[in-house]
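One chain, subunit A, links the two complexes that follow: it is found with subunit B in the first and with subunit C in the second.
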Partner chain A sequence: MTLQDYHVTRSSNAARVAAILGAVALIILVAAPWWAGRADMRLMGELFLYLALASLWNLMAGYAGLVSVGQQAFVGFGGYMLFALTMFAGLHPIAAIVCAGVLGALVSIPVAVLIFRLRGAYFAIGTWVIAEVFRLGFAQISALGGGSGSSLPVAIVKSLASKRAMRESLSYWLALGAAVIVVTAVYLFLRSRKGLALTAIRDNELAAGSLGIDIWRTKFVVYVVTSALTAMIGALIFLQKLRISPDAAFSVNDWTAFVIFIVVIGGIGTIEGPIIGTLVFFALRETLADLGTIYLIVLGVVAIVMMLKAPKGIWGLIRRRYDLQLFPLGYRVIAPGKSDKS
Partner chain B sequence: MDWLNAVVQGTLLGGLYALFAAGLSLIFGVMRLVNIGHGDFIVLAAYLGLTVTTATGLHPLLALIVVVPTMGVIGYVLQRGLLNQTLGDDLLPPLLVTFGLSVILQNGLLEVYSADPQKMEAGALETASFAVGGLNLGVLPVLTFAVAVAVIWGLQWTFYHTALGRAFRAVSDNQDIAQLMGLNRRHIFGVAMALALGVTAIAGILLGIRTSFDPSIGGGRLIFGFEAVIIGGLGNLWGTLAGGVILGVAQTVGAKIDPGWQILSGHLAFLFILAIRPNGLFPRISA
Partner chain C sequence: MGSILKLDRLSKAFGAVTAADALSYDVQEGEALGVIGPNGAGKTSMFNLITGTLAPNSGNVEFAGQNVTKWNAARRSHAGVARSFQVPQPFSGMTVFENAMIAATQSAGLHGHEAERFCLEVLEQTELLPKANVLAGSLTLLERKRLELTRALCAKPKLLLLDEIAGGLTEGECASLVQTIKDIHASGVTIIWIEHVVHALLEVVDRLIVIDFGKKIAEGEPHAIMNSPEVKEIYLGIEADA
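And then the complex of A and B:
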């Protein structure tokens, strides 16, 4: 038994099985317009958009240590850009979504330079101030309906597809595509050189810095990329809603509180966490939403208990017990003669 | 004269913001904790005041006798029962637990008191005013400002002239060594939170007399308090008062230019100061 007999691998049986199951699930989901009802498709579309928001927030908070309670700034910004670019610049909605992402990235640069001066929890509240500035600013623009908001003109909606069924399918596929792209992008990013730097920062910022990682720059890149993608998701959200107002676009409850619950319950700092969290969140919502405010109180209690008793969330509990990793990020050493047990 | 009036009214408004901020500043100074639910505790205090005044017919200012100790007890129990478990090197637990608390409080208040805006009746105090050199000053805003100065002076005195203040400074400097020296930091933190929520109670009652309130306004109050803390500089209580005044003046002057710009101009003033003086105007400790 020599050293050559040992080998290092990234993949595992669990990850291979998960990849196959994921591909099958994806094919079934793509075909949803042929087997699901209208209401179910709407719900799934919303679920995918929340999954995308949660994965992005998780990348920022769970890996880069940038705990933001102001991501609604970019959700709302993206939504408003969709409306402004289609209504005034005559862009096709899908082109407008892409432009919203680019503009989101441009806007996030000065924002990052400013609020990166704040540390930790003060950074969190600083992001909230930015979101409030965006909300109050957009409420001043009378061309976009001011404080009461505006609806997307029928002609623009029809430019997406002339038939309603086709429009609904298209908006569902856009949501599904967004979720797949975001999760894949997060996964590939974390496997890259930059992602390794980010994981090092997550584990120990001081040590990472002493190894020559430019911490400010890494966090800055994460913030700008996350903001751009969040703006695109925001544009998609309001393409589904067809109506925008400052209070809905920059709602801290809808676009930040729920997202935080999803990530905390699922497991922060893992790719699998937001996926599980989104499923749990929607299951809770569909069963308890009739309780109204009580439901939100329950969510708050669950999040607090989770944070105190299982800070790594549901996925953290599963992983501790079974040593699973569905999205292989880490490496493991396989001893000779022993088969890959997971 | 109109502009002078806006500046004076803004300064007095700043007193209220300093009261929002004092509790935040205190707990950050002692245990580096930022309570995201701080604004919702201000609203909770206002509702407690409302319940006391409607149940007993007391004047809102007399209701302070009940509300301040109640909030203090809530603070101590909360700190020892829940928040002490979240303190440590990791940033996330305190942040997310207080965020969860904020959601629970906001929806709990919604459940108990409904979403209708409420206001506390304070009789003649609400509208009384007096003239000084051509300006009319409301008695309530002047009283609020005086209370803010008194509270900050009181906190400052507690910090530097009492055994409790020495304990606060000791755990702030080094928790482990303070513990070795015979201080129970869990208890000290509890007392600090009790004191912070006691101040919050005063802020909540004065807010509830001044304007109408509903369960959803907590986030906005947290932001005002936070802005006052950052403008003034972390860990400096008199700086926090100055921060509140700058924020208040920015808001009233902004409202003078265009009523829709009131809150926005306060935020912009905050961002401007963050851009030119990242550590605030009078910093004492680094974050």
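And then the complex of A and C:
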């Protein structure tokens, strides 16, 4: 038994099964316009957009340690860019979404340089302050409706598709596509060399620095990329809402508090966590929303209990018990004579 | 063989506490240098200054002929400086093998299959291969110390800094660790080793320096240094632990 007989694998049976089930689920979801009702499709579209936001926040906070409570800055910025670019520059809504991402990246660069000087709780507060500055700034722009906001003109809505049913399907597919692209991108990134570096930062910054990882630069890249994608998701969110106002666009509750809830419940610092968290959040919301204030109290209690009893979230509990990884990021060394079936 | 590391009047103070006081010495390529001194003498701070985790108040660090004083830890790691931490700093959510892979890919710059093979070789050398798939957070103290060494080696260092790697180990564990370190030294890696377990240190190092209050107070042939009255005075009471 020599070293040559050892080999290294990055896959597992659980991951292969998960990939097949995921592909089947995706086909069923893509076909939703043929089997689901309008209300269900709208709900699922919203769920996909929350999944995308949660996966991005998880990458930033769970891996890069950038606990931002100000991502609504980029959701709102993206939404406003959609309105501005379609109304004043005459761009097609889809082109405007892409441009919102590019502009989001550009805006996030000076923001990052500024707030990266802050650490821990101060960083979190700093991101919130920045988001408030964005909200107050956009409320000053009278062409976009100032403090009361504005609606997307009918002509622009119709440019997406002339028939209402087609528009609704398209908007659903865009949301599904956004979620699939974000989760896939996060997965591929974390599996790469840079992703390995980011995972090292998640676990121990001191050791990561002394092993050749440029911590500031890695965090900076993660912040800019997540901000750009968050701005694109924001543009999509307001393409579905068709109406924007500073309070809705830069809502800390809608775009950050619920997103943090999702990630913490599901399991921070894992790809599976935000997916599970989104499903749990929507299940709670749809069953309890009629209860009014009690719904928010239940959310709070669930969050507190999870943080005390299972700080690594639902996925953390599952992983501890079954040693599962649906998205195979890790490496497994297979000793000679042992099979790699796990 | 020339000098690989040169400290030039390096000073660092934390308020009233002096961690390094005009510290100067050279380390030759391929040498094994031992460092001793009482607790709080500034030994670990000296490593932090060499690796770039700390910035000095004044003075210079030269590595392989370049002034690296302004370089951050990551850049010095790429240049060939690696360390083991006194208090192990594992990536606890990752397996032993993944910990090794980080050093091999990020510091040594290896890719894919080549990185994997290299990590397996190092893990065999440091006797952690049977633990390759274990989460680093669940290792014992000896295993954590070996993981520190593994990661440092996977970075393919020119200069290896060992910080009290033998502390807290049993006699048998210590002997096997000393053998591993001897092998690493024999392969041409320059070593600086801080250690309270003096008998382990003396088996490996060619030269010894003694540090107290951030100052180098003695330097020379290991046994002669250990027998000098000045060092005996500092180590009175500490030698019993060794």
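Rule of thumb we're sticking to: the second predicted complex is superposed on the first by the 328 of 342 C-alpha atoms of A that agree within 3 Å, B and C clash if a C-alpha of one lies under 4 Å from a C-alpha of the other, contacts with A are read in each partner's own complex, and residues count from 1 in each chain.
FYI, contacts are C-beta pairs under 8 Å (C-beta built on N, C-alpha and C of every residue); 3 or more make two chains touch, one makes a residue touch a chain.
What you see is a predicted model, and the numbers here were worked out from it, not measured in a lab.
Once the two complexes are overlaid through subunit A, subunit B and subunit C fit side by side, free of any clash as defined at the top of the document.
Angle at the C-alpha centre of subunit A formed with the centres of subunit B and subunit C, after superposition on chain A: 80°, rounded to the nearest 10. By the touch criterion defined above, A:A25 lies against neither subunit B nor subunit C after alignment on the C-alpha atoms of chain A. In the superposition on chain A, A:V264 contacts subunit B only, with no contact to subunit C. Once the two complexes are laid over each other on the shared chain, residue contacts for A:M166 go to neither subunit B nor subunit C.
Once chain A of one complex is fitted onto chain A of the other, the partner contacts of A:L106 are absent, as it touches neither subunit B nor subunit C. Residue contacts after overlaying the shared chain place A:I125 against subunit B, while subunit C stays out of touching range.
Once the two complexes are overlaid on the shared chain, A:G300 sits against subunit B while remaining clear of subunit C.
By the touch criterion defined above, A:A143 lies against neither subunit B nor subunit C after alignment on the C-alpha atoms of chain A. Remark: least CA distance from subunit B to subunit C after fitting both complexes onto chain A is 12 Å. Touched by subunit B in one complex and by subunit C in the other is not one residue of subunit A. Residues 3, 6, 8, 193, 196-197, 199-200, 202-204, 206-215, 269, 330-333, 335 of subunit A touch subunit C in their complex. Contact residues of subunit A toward subunit B in the complex are 61, 65, 67, 69, 114-115, 117-122, 124-126, 128-129, 132-133, 136-137, 139-140, 252-253, 257, 260, 264, 268, 293-294, 296-297, 299-301, 303-304, 307-308, 311.
Note for the complex: subunit C touches subunit A at residues 51-53, 72-75, 77-78, 82-83, 85, 89-95, 97-98, 101-103, 105-108, 111, 116, 120-121, 124, 129-130, 132-133, 151, 155. Residue ranges of subunit B in contact with subunit A, taken from their complex: 33-34, 36, 82, 85-86, 90-97, 99-104, 107-108, 110-111, 219-220, 222-223, 226-227, 230, 260-261, 263-264, 267-268, 270-271, 274-275, 278, 287.
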